[in-house]
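Before any comments, here is the structure.
Going by the order they are written in, the chains are A, B, C and D; count residues from 1 in each one.
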């Protein structure tokens, strides 16, 4: 095998191997575990960087392994997968640091970090999957590896959340499996290719293809939390903060959205989707999700639940951009994949900091938290503004491209959805910001724990800070080479190439 | 050394060891068992290699040709079954060695509990009989080996000694004997018509007439009872759940597969041309019902071992889907999937039962309520259970996934949506009961009651077996290639265009 | 109708009676006997069939099979009796409990 | 060099803001903050230029152009003055650094807006300014301020959304965000009216045109005085700048929009003045005055849309207006703070009173002040509009009357020495105020010779003086009468009249109440009633369906899983199979 074949495997292995070793290590070998974790994360970032560089120079990275006839395990790196894998790699590094700080002195860290790494392995695999089957394999693997993370605390609440998560995710997976098999019996093994592979299909099969599309979307929609398949997500908030962060920003929810992007662009092909007439329903569902999620977020008292509903809403931007189709909307959807991740992870980091340092979990307990934890809340503020789509944050760039994309596709109503959602976002985020900065703090915090010389421990403090700065930079320097926006444009160029 | 020796050895070595162990009543029985396991592993490896190289082999035992002699026959499916037997058998042997030695030091031990001396001969005979069955080339020989399996299996259940186990064993024995006699009557009818018991010769001469159909019905239905296909599964849960820890895995993993293997042989190699499609679908419908019923019952159980036993009822259902699907264009896929599923299920189920046994030994009960937080103490075991569960649910990466993938492909490719739906639904229901166990065991509540320390081997054996299941989901080309050797003539459109 | 056929039918009837007994009898010893009756029925069928060769000379193979069958039946019966005895010894039961006890 | 100045201007306030956060109490920093707007003033003096910054935001263009220069100059000057003023005004405020932080951010945004030459960067700076200003408004944390802040924020976000929609559509129609191209191409686009509607409405919120003015009379009184000064003097002008950037002025006539602008402008102009007269807070009076003045500006925009060829003239007049109103209004706001202090000497009191009166009358267009220059310019530039000629002819004098009445009300409320003052009159406050007040007069002479200004009114006729003066005289007479009459009225009638007061923010108050009611109801439904209902449903399911299902399964299990059934099924299946095979 050549380096070109090894590299995708190495990228996957860079979290698989540390994860596996961590399971074997003792619970008390903290230093070794931490070192392994960080080493894995750093190596992954480096490998991804190499790959990023290579792909921008038109290198091919591909590896293939036959399981059964018609069932190939294939990893390959195209521009889209790199976008996602870079996000996963960078945010994994940050989340690992965060998790090390967050779980200090808590039990069962071996299990946690083991599954954490496996979860990232699955996500990386998803990103690099070269065909629908490989995608499916990692998709299911993701479900399984996140379950222990969701129920990590082991309380009745978290067990219930875990059950609900599995119920949704596995059912979605089952539907997906059916759809994939069906598709395969119709057209043979489904490889991902830039402009889709189905446009040559016999028109007699169009009906079936539509149904399959619906099934695929339903399958991925469960993880992407499309309404009405979103029920598990707000419940899964009982998980520790780094898990929520990872779940919402990179792993689970994003995997679903990424799957839908793959289906629309790389399996069906954007144009062919339009021809089948399946994009408008998808766009409508996405729009419904955006609005519904925001509406529900309005009245959540629990901070993390509010963020969860916000995720329901925000992730659907990706689907919306995908469904509208057209180069600009696609750019918007794809770039939101990254932007939403960075912003949402900041919010969850900050929420985690509040909970861990001050014991603040409810929205009305946040009063004055900005004075006690200025850096954390500043990060929170930036990310929240980003969610609203305030320029010059990353969120604005996404919204802008979605907006002009909608105009380009003559879907003017989408702009209305975007605006309505932004307003709703403002309604549920701005009071939090107000409470944090402009309200006076209480006499005593619910559960304050001293955490060293900063406002909280450094491992908790810096990850949100970095992602918040990223939120700003991604917006301000959107036009910079190698920025997600430019990268998304590259993807779009391939997708809509003549 | 050629395949003949390997085949003979696979049958004779455990048998001889059984006799030696029984007669000498040596203190080092476990060592004998492990030695046999190692030899078996070598022989299986050898046989597999030779089959892969030179195709199916038939050898007359001791040079006596049929009809008087006893011929042995090995093709892809039988070798896969042998591999399965060896894998499960070897790990069970190690597990049993640890289990019984631990039991001797268990203060909770009652006088009625099994002794190490009775387990080993019975198990070695069972092993020998299983190998013999998978290598049999005539239908009467199949009967004899099956009876041998039944008798030793029942005795193994009886080892547990408790009244519950005895009742289960007796019930199982009656059911099994009844099934055997149905089968034997069918054999008699067949012989009267065709004058031979070799299934090769039968396959060549079989005709569609009433006597053949009678024989086929009697044989198949008799075997259904032994395979515990719904609605004839009534004896299974109690028998499998109340057996001693190492035995449950063997029963669910291997003993059931013996009678199923016979059905497979008879159906696809003998009766296939003369049985109508609808008869196959009857079995598939029963299989579907089994999947649903078994899963629902498993969900309802409070005892973990019963849950796993009912899961077997469901998984057996999967195995029977092939009879309907094989009649259709993509039948070949269903055939492969089913054979592979039998293999996957054996490993996964044995691993699950071993885990249950270990944990039951640890806390003294397999009531799910008593298992709260157990995973925090024994993460390896719960991990093994989870891996086995992954295969039972048919999730990737596992052998169970590959098998279900093939079955699903066959079902959807043939437009059999109801079958596809059942396959998928069964997987989901499996997830419900598996995660019920895992969820409870990972809960943070309830301080653990006083427990027994688990010997190391009782942790590693199930984990190894569970790993096999996972590896079986990754290394698949070889087993599938193996299955093509001597595959039955099923109408085959290989894969979709 | 030849004798052989008559014997065969007789064997089948015996099998049926045995089956009825196995299913409907509650007492375990009766069940054991019923199972043996079933076995006897099958053996009778086999022996009857051995006589059906065209040459008229009895076919040795079914005989061998019956012999083997008897061996199996004997050992199975022994096991049944041993188990029943043990159950009786432990619990005093002579019948299987109606309800499945899991 | 110019570029460096530009970047300095943009980055310096941000940098200082960051420093304020980290080291709040440095005297040097306070000094620096006072000077933070200085680069802007310098930049207003350099010749126009433009730079392309493709990596910033969405392919940004920044630069100074003829129009932007005026805005930049006046904005910079006002922020500079406000910076000085604030240093003194908030000297004893414990939360001074918080104010400084938001002050600097708002400044950065406001200055950025004037140099932004494309939609995205404009919107970015505009947003920065708008959101940061929230911090200024709620600075003192009084209930009224918080409420004002909320209203402000709601309307700001609403405005942002309108702008976002407008820009998205404009980009789609024109394919560019660079203003110079955008406005030209937009003029020919089929969706022109919708796009312009959205953009004008969005900017209208900032500009305070009725009915979008609600936040303004609430926010201006709430903010600390230096903040109100820049809010009113500089920030609301960004709304005007936005309109100027996107409207195809001087290119084509847009009857729809000209009518709308003229109508709304007129309405705003008069109504706001009337409402303003009922106010008791001098800052609220000034706020309504700003609204009224912006109405006048809107009228001018409308006029320019009626007759494109008149735009150069109207435009230059508008520039003068911008400078005039900015300076005068800031001076008046500063005056509120100054008039409220304890006067050290009677001379100082007279001097300050004189300054206030001068600034106030300048606003009304007193000959010899900058206001006069501005008004005359407007009069000339809007002279030859066919259909609106008559209306404007009487409107301008009328606004002079109303404005004079309004500033009289203001003067009445703040008249130095009328109330016991508190706080010390510090030079830090007086100097910026004095500077601005003097500019009010000096500005007239400077501008008199500015070539930038329309030649039409450089030939100033004596009649112009009279035309400008008489409305003021009438208004003063009217005001005097009112005061005299009020003295003679019975006290209970005065009290009754006094009780008649339109709240600051007028229409927006019931609107906000409605929104809050809806929000409460939404909360009740989604957070209380729906969960209750679903819990009840779940409970009912668990009580009825589940036990029945379990019962059924138990029964099934009993009847299926026993020896007898199995035996019968065995036969049944065998027979079934046989039958199936035979058929």
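Throughout what follows, a contact is a pair of C-beta atoms (placed from the backbone, for glycine too) under 8 Å apart; a residue touches a chain by one contact, two chains touch by 3 or more.
On a predicted model such as this, the values are computed, not experimentally measured, just so you know.
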Taking all protein C-alpha atoms shown, work out their mean, then name the chain whose own C-alpha mean is nearest to it.
A
Round to the nearest whole Å and give the separation of the Cα centres of chain B and chain D.
79
Just curious, how far off is chain D from chain A if you go by their C-alpha centres, in Å?
38
Mind checking the centre-to-centre distance between chain B and chain C? Centres are C-alpha means, answer in whole Å.
27
Report the inter-centroid distance (CA atoms only) between chain A and chain C in whole Å.
67
Provide the list of chain C residues touching at least two other chains, using ranges where the numbers run on.
19, 22, 96, 100
Contacts with 2+ other chains: residues of chain A
none
Shared-interface residues of chain B (touching two or more other chains) are 171, 174, 178, 234, 237
When you check every pair of chains, which ones turn out to touch?
A-B, A-D, B-C, B-D, C-D
Within the complex, chain A is touched by chain D residues 21, 54-59, 120, 123-124, 127-128, 131, 135, 138, 141, 146, 153, 157-158, 160-161, 164-165, 168-169, 171-172, 522-523, 526-527
Counting only contacts in the complex, chain B reaches chain A at residues 336, 373, 376, 379, 383, 386, 390, 393, 395-397, 401-402, 405-406, 408-409, 412-413, 420-421, 424-425, 427-428, 431, 435, 439-440, 442-445, 473-474, 476-477, 480, 494-497
In the complex, chain C residues that touch chain B:
8, 12, 15, 18-19, 22, 28, 31, 35, 38-39, 41-42, 45-46, 49, 52, 59-62, 64-65, 68-69, 72, 75-76, 79-80, 82-84, 86-87, 90-91, 93, 96-97, 100-102
So, in the complex, the side of chain A touching chain B is made of residues 23, 66-71, 107-108, 110-111, 136-137, 140-141, 143-144, 147-148, 151, 153-156, 159, 162-163, 166, 170-171, 173-175, 177-178, 181-182, 184-188
Residue positions on chain C within touch of chain D in the complex are 19, 22-24, 96, 98-100
